[in-house]
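Note sheet for the following structure.
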Amino acid sequence: MTAKTRIWTPIDFDADGKQVDFMRVPHSTDLSAYGWIPIPMACIRNGDGPTALLVAGNHGDEYEGQVALTNLIRGLNSQDIRGRVIVLPALNFPAVAAGRRVSPLDDANLNRSFPGRAHGTPTEMIAHYVSDVLLPMSDIVVDLHSGGRSLDYIASALVRPGRDVNEHRSLVRLMQIFGAPISFVSDGTGGGGSTTLAAAAQDRGVLAITTELGGGATLSKRGLSLAESGIRRLLDEMGILQGAHVEPPCATRFMTVRGHDAFVYARNVGVFEPAAEVGEVVNEGQLAGWIHFPDVPMHEPERLDFRSSGLVACRRVPSLTQRGDCLFKIMTDLAIV
Amino acid sequence: MTAKTRIWTPIDFDADGKQVDFMRVPHSTDLSAYGWIPIPMACIRNGDGPTALLVAGNHGDEYEGQVALTNLIRGLNSQDIRGRVIVLPALNFPAVAAGRRVSPLDDANLNRSFPGRAHGTPTEMIAHYVSDVLLPMSDIVVDLHSGGRSLDYIASALVRPGRDVNEHRSLVRLMQIFGAPISFVSDGTGGGGSTTLAAAAQDRGVLAITTELGGGATLSKRGLSLAESGIRRLLDEMGILQGAHVEPPCATRFMTVRGHDAFVYARNVGVFEPAAEVGEVVNEGQLAGWIHFPDVPMHEPERLDFRSSGLVACRRVPSLTQRGDCLFKIMTDLAIV
Amino acid sequence: MTAKTRIWTPIDFDADGKQVDFMRVPHSTDLSAYGWIPIPMACIRNGDGPTALLVAGNHGDEYEGQVALTNLIRGLNSQDIRGRVIVLPALNFPAVAAGRRVSPLDDANLNRSFPGRAHGTPTEMIAHYVSDVLLPMSDIVVDLHSGGRSLDYIASALVRPGRDVNEHRSLVRLMQIFGAPISFVSDGTGGGGSTTLAAAAQDRGVLAITTELGGGATLSKRGLSLAESGIRRLLDEMGILQGAHVEPPCATRFMTVRGHDAFVYARNVGVFEPAAEVGEVVNEGQLAGWIHFPDVPMHEPERLDFRSSGLVACRRVPSLTQRGDCLFKIMTDLAIV
Amino acid sequence: MTAKTRIWTPIDFDADGKQVDFMRVPHSTDLSAYGWIPIPMACIRNGDGPTALLVAGNHGDEYEGQVALTNLIRGLNSQDIRGRVIVLPALNFPAVAAGRRVSPLDDANLNRSFPGRAHGTPTEMIAHYVSDVLLPMSDIVVDLHSGGRSLDYIASALVRPGRDVNEHRSLVRLMQIFGAPISFVSDGTGGGGSTTLAAAAQDRGVLAITTELGGGATLSKRGLSLAESGIRRLLDEMGILQGAHVEPPCATRFMTVRGHDAFVYARNVGVFEPAAEVGEVVNEGQLAGWIHFPDVPMHEPERLDFRSSGLVACRRVPSLTQRGDCLFKIMTDLAIV
Amino acid sequence: MTAKTRIWTPIDFDADGKQVDFMRVPHSTDLSAYGWIPIPMACIRNGDGPTALLVAGNHGDEYEGQVALTNLIRGLNSQDIRGRVIVLPALNFPAVAAGRRVSPLDDANLNRSFPGRAHGTPTEMIAHYVSDVLLPMSDIVVDLHSGGRSLDYIASALVRPGRDVNEHRSLVRLMQIFGAPISFVSDGTGGGGSTTLAAAAQDRGVLAITTELGGGATLSKRGLSLAESGIRRLLDEMGILQGAHVEPPCATRFMTVRGHDAFVYARNVGVFEPAAEVGEVVNEGQLAGWIHFPDVPMHEPERLDFRSSGLVACRRVPSLTQRGDCLFKIMTDLAIV
Amino acid sequence: MTAKTRIWTPIDFDADGKQVDFMRVPHSTDLSAYGWIPIPMACIRNGDGPTALLVAGNHGDEYEGQVALTNLIRGLNSQDIRGRVIVLPALNFPAVAAGRRVSPLDDANLNRSFPGRAHGTPTEMIAHYVSDVLLPMSDIVVDLHSGGRSLDYIASALVRPGRDVNEHRSLVRLMQIFGAPISFVSDGTGGGGSTTLAAAAQDRGVLAITTELGGGATLSKRGLSLAESGIRRLLDEMGILQGAHVEPPCATRFMTVRGHDAFVYARNVGVFEPAAEVGEVVNEGQLAGWIHFPDVPMHEPERLDFRSSGLVACRRVPSLTQRGDCLFKIMTDLAIV
């Protein structure tokens, strides 16, 4: 982590005004010995004040955040703010350009690659630049995710548990301000754990909020609308947005995910027929779905049941399913946030 | 077309009872010099009578038909019927196994490959077997499609215009019996034209009905339910299903697609934000959506308008879009069927 | 050849004015069920008169023609002409987009695919559309080639022998007008033979001239300049260009290629060191180059000699060489054109 | 079939002496616009007399024939013979260079591609050249096969049934002369049928004998020895080999393969454990082997039985097995040849 | 090494009885954001006692061990034993499913990846789980290898030299009990060295024995039989197997491999003809085989000689050979074990 | 860095005479369990004296050095020298064999991989062997580069700034002796920085000089000639070459590259038309070239200007260009070396 980044940009983070260029990630290939990967980045600044780092395209097949931040870059001017907004609408650009969760250059999942390596693969270099250059400049980071090609997700926000009471209260307040229907607190067990952007932010003392806004590699208009209003509310809360009219948030419901029994996994290769939808309330032992076998049609389909009760947070989108694929994740209400 | 098929099966199409085995498509590879591709097939027969050929998995990423026919093979017994039902729940099996529209063996779209070739690629051999062996045995063929990975489709049925008044009336009646909310008459212009299974059936004097039941490479429970009830109604109508309770069809709405202006196509590479949903009524000149450019966020998004009025029949699912991709197709009511 | 093309375009070839859109080649894929390949095409028309068909990007890695025709589309207006100019700056667009000689969709070489097939692969469909739709409208076709990634070529023009004296004279005159330093007459032996665009044109009674303007997958400014002036001269000669100042052609030298001995081929895998340059005069038996073996450095390099005398028309660019690769082609003067 | 081959060679088939060069198959690629595929070929001639065409590498992963013919080219001189021997030790050279059954250029199986196409893919062009140029010069063709990567084969020879009594007797005699332990008569049902080199030879009135000499993509010394002695005996029998000492053949056993029940096929994906070896005598109903499922170890392995009695002609080599793979083929004695 | 594994399993290693489930290796892909790789694992326990860890599928193309352990999981019940047996019949499951030595997910050789990384690639995560979770629970580990696709191996067992006299005696005794015809002592020089499962076991004080049971990606019935009986003997020796009849081992011969001269390597690309078989005794300077060149048949084949005397331990299976491929390995008797 | 290399060679670096064999890089694959990658290497020694390490093929698509060093190995004998010359004409051999900048085995750029890892990927293992075994034996290393497939380069030499005055003078003198038209001093900013062979050499106190000799994946005869004479001069300067006639160097011009403004980068995907050539003097603000858009021909081409004045050191070769590709690099004279 002590090595210096090889990424560079003509953007001057200390200059006032709106600059839009690229994080330039050196990538020496057969067809471009001295070339770089162009990661779009905007810096909008108006004097001293807090810095918000806004990120989408951490996974390349999640679109609400990409569109919300692309619109924000065009729509937001330096005179509208106080302080600084750094916007990255397509952070893992090779994955975004390919429409994939992972980068086609190194098959790496950026949100499992933090804090990254200065001399690593392209994905590792991006993670390192965010960790080593951008996070130290920031007071808050918003990382806009959706379910991607494989999952359909209920609109929600997510934070890690604060390391002390004050940090925790600040994080919970961010979710209230963002105003998703559902808000989670999770330490990332079962997901990225300590290798996410949010974990890297917390390690550096930066408040981090993550979202899930839709899924299926398609665009949810409701998710897009939530992303756009939620970001405005967060910028207003930070004192960055100046004098703008910002609609108030809806009430959010605080929930959590409890252990491996919250998940339903496929145990066979086949065609998944779900028996519940995202947002539905289900009970332990209730039918979750079937795996069908068109290749050997006389085989009985395999029945799958829910292993705990709660609200369906996400569901697998593609019907064709392998052993080990996650089919459902269940949430339960959180008594005390 | 005069060459004899190289495909074989142990199934005896003239024997009574239920037989389930495979169309065995010879495929000589590095790892299997004498091997065959196993295309699941069932023949259920009870004495003389009409023959219905039921097909799904013509495209490998369309699932409602695959599940409906897999269930039908297990559930239907020869004593339930009179005549014969031949069921192919995964016709282009290499594409089904890969979860793809086209076959990974020859990159071919089966529904653009009819009437096929006896000594061609695997996809061409399958088309030839259906055309040359199965269709001549059949009185009716039902080809169960959905939108696949790239399209979300309104539930509908589709026939080609009859070559004479009687054939036309028979085809229209099939759609009424099937009972989809929407029914089309189309000669396949803009789609597969004369290279589809339905066209091959018509050339051989077999009544053919095609369906669209959902899309996005996921499973629609409503589409599955329609497939299952519609097939029972068709088998009942043909006199094949014996003494079963069959629910009556809902009324269908007859519509058509008029020329290239019924379509909205992307003119740029970017992220598609739709402004209308499947089933919505739209007007010529109305906003259809935007193409956003997260790679160069200061570029204004490109606005796309509908070029004709009507009902949205299908919409593109994946947000990432290339020039030439179909974003919407519009239908209008048919005055006279 | 009797099947009707599935390619369509909104361009009205009978309308006056400048229209720029696409040949739309239907291509149904996993990610785009109803999509088309966008082949850029312009039609510029001003009343009745002759039609010139101008083509580049037949091979995707040849650039002088692509740039010349792209500039022409922007620069030429209908009032500048009489008759019609149809311009295709990137004919095998999938190959152009990939920077490859052959199409990545079907690995096909378009200039070995004429007259094509209406229901074939994308490359075959393009060849068929040109043969069946565009050539019948045309009086002349200019097909702008260069050496591509593997060859560096002397600037030259090329026609097939006329089928009668008048046609031959017309073709020779086209080369004089075009004004390349070198002009060939060749029936395509050793190259594409009867499967080229020029051969398809001749079969349909359309005068066809082909060029070679550089090579190495890079852009020659001299080749670009020749393409631009040569096309203006040809349009002027056809009576299409109206009242424009057109610079006169330089004198051309008529040459030919005689049999297999005009070629030097590699007989081993290794690193090619050439001993002559494009445009140099060489003699039979003279050293042509060496094949070196860095993998087994004690092996003596293999010496290659020219097998006939003449002018070096082209030379291999990539040093890494396989058995059977063409290293040089030699031309000799033509006594009587 | 009336189009002329595009393949050429500097070899003069009418010249006496030994010439070794290549069938030169034009193949225009990104890296070699004017290149050709180098298929090694020798022509050894000494005056008038019969012509034997000797072929190996029809499938690229079968080695006994490749080595036998490579040795023959070096060892045989024109003064040793009367007439002509044309030797192709690596006929589908792209497949040979890749160590694969099928060509990596077009994924085609050469021995399913006869009689080929003059303007087809590389594999089709090779088949066409053999059919159209080499077979018309030949009196006999010997096509040396083995089991390849997927099969281990008993040493055997194979002919198609003669079209009349004289032809049949001539073919049976060829097998007696070749002297494999086993000799078959088969019309290729279940294999290549009318698309093999042997079928193309028969259509052109050329006597054709095929062999199987080992398998598993490895070299059998016994198979190699049989190939070398058998070819010498055949050349001696044809009157081509002059005054050489040729060892007499061993007695051969005439057998045949009867219908689909001669084969055992896998019905599941798993690990194949054979219960019989090549050359073993088995009975209908006897255990043939097991398919094991290490991915789900509590699943009982699937037992497979022989479906007819006889001698094991070949057995699958790779343990990992897909549904439809051939595991065993059984032969029975032929009462009357 | 201090990071905690991300792999989990529902198996409770402290519970009595037989549990069969999976090592669940998190693997987040385009098609499965929250999915895991299912590595089959069984834990069979009956009270306190020693623990044996039994592994196959470390390389995916080695089958005797996979079948032996799959059978063992079904056949062994907790009441048959005292203590605990942990069985992994397909340890590098992605490689097993692909029938490959290395994993298709990261191209990594598991037996060159120990002790692994908690946050590494899938292969590194598997190695880390074995090193960090399973080995600390174990008293003995048996790692069942064969030659794989590229090598045919004499049936043998292998241990690393003990780090002290007692450990060495224990390891030698394990080989005597296992009862392979040949037993080696080797520190892995020339192979995996310190990166193997056996080395990781030794570092953690666990006795480790490795086997070679066949090769060529096919199944040896003798190798399978040896695996099954040898494991029973080892479990009996450990006091784990209770009251079972176990056949006594055959005598083993102790041998070793001495330096680089024990190996014969290819020095050219060509077709390998071996002159000796596995198990044969050869002398230094004796002919080992030939490399043939069917692509240039007039080139003399290259002769290869043995560089030391001894017994042939393994031989290359595929005929097609590259420079640097191992063709033979020679063993010599060990005077003192 | 403390782990020991797994690479071995039969070459004895302490023996007098000429030895030519391979760095043998263990690489265990599906097809070669015990194989190694054969990296050609020569050691020529005559008694005590300095050691020169001569390297080419660090990038596989750069040819002048490969040919120069291959010739040197054949031409240089031990009696011609005093001390030792170690020659590696194809250092990243997998990349050389593929004609690529990066290795096809791990997609790694060797000159971004120093000092490497003993247990890493093949490219990392090669870097480690050079750093850990060869550099400690060497007094000077010459690393012969060219522009590769993507760049055409002016003939030049390059050193890193010396860490003290003496080292700096020694390095500058090496460039004077080598005698390229242009000589640079650069710390690798914007290129490989601390991960190059030259940086690894400097860390170990070895004088390192790098060259650029041509480009475009083709061979420059002038670059080859410079490589051959320059190496002889360096060996003479080191006192290694004995009594040979060595031509004196031409005068070199000392230059440098100043910051990011020395580069022109593409900001769009399109066809690059350069407006300046390698070796030309240009001024800030002068036209550098155009990016054309044949896919949308009505789009104005994008004009690119030089951002600083100086001499064109290199230019992009392939016309097809992506955003971020380097099109030009500009040098300026160095007042004081």
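Labels for the chains are A, B, C, D, E and F, by order of writing; each one numbers its residues from 1.
Heads up, the rule we're going with is that a contact is a pair of C-beta atoms (placed from the backbone, for glycine too) under 8 Å apart; a residue touches a chain by one contact, two chains touch by 3 or more.
Quick caveat: nothing in here was measured; it's all calculated off a predicted structure.
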Lowest number of touching-chain links that must be crossed from chain C to chain E: 2
Option reproducing the contacts of D-E, where over half of them reappear, out of B-D, A-F or C-F: C-F
Inter-centroid spacing, chain C versus chain B (mean Cα positions, whole Å): 42
Length of the line joining the C-alpha centres of chain B and chain E, rounded to whole Å: 49
Cα-centroid distance, chain A relative to chain B, in whole angstrom: 37
Touching two or more other chains - residues of chain F: 38, 61, 295, 318, 323
Chain-to-chain touches, reported pairwise for every pair that qualifies: A-B, A-E, A-F, B-C, B-D, C-D, C-F, D-E, E-F
Interface residues, chain C side, partner chain F - complex: 20, 38, 40, 42, 56-57, 61, 63, 66-67, 69-71, 73-74, 87, 89-90, 93, 96-97, 99, 216-219, 221, 224, 271-274, 292-298, 300-301, 317-320
Sites on chain B touched by chain C in the complex: 61, 100-102, 109, 112, 147-151, 190-191, 193, 195, 260, 263, 265, 318, 322-326, 329
Sites on chain E touched by chain A in the complex: 6, 8, 10, 22, 24, 27-38, 119
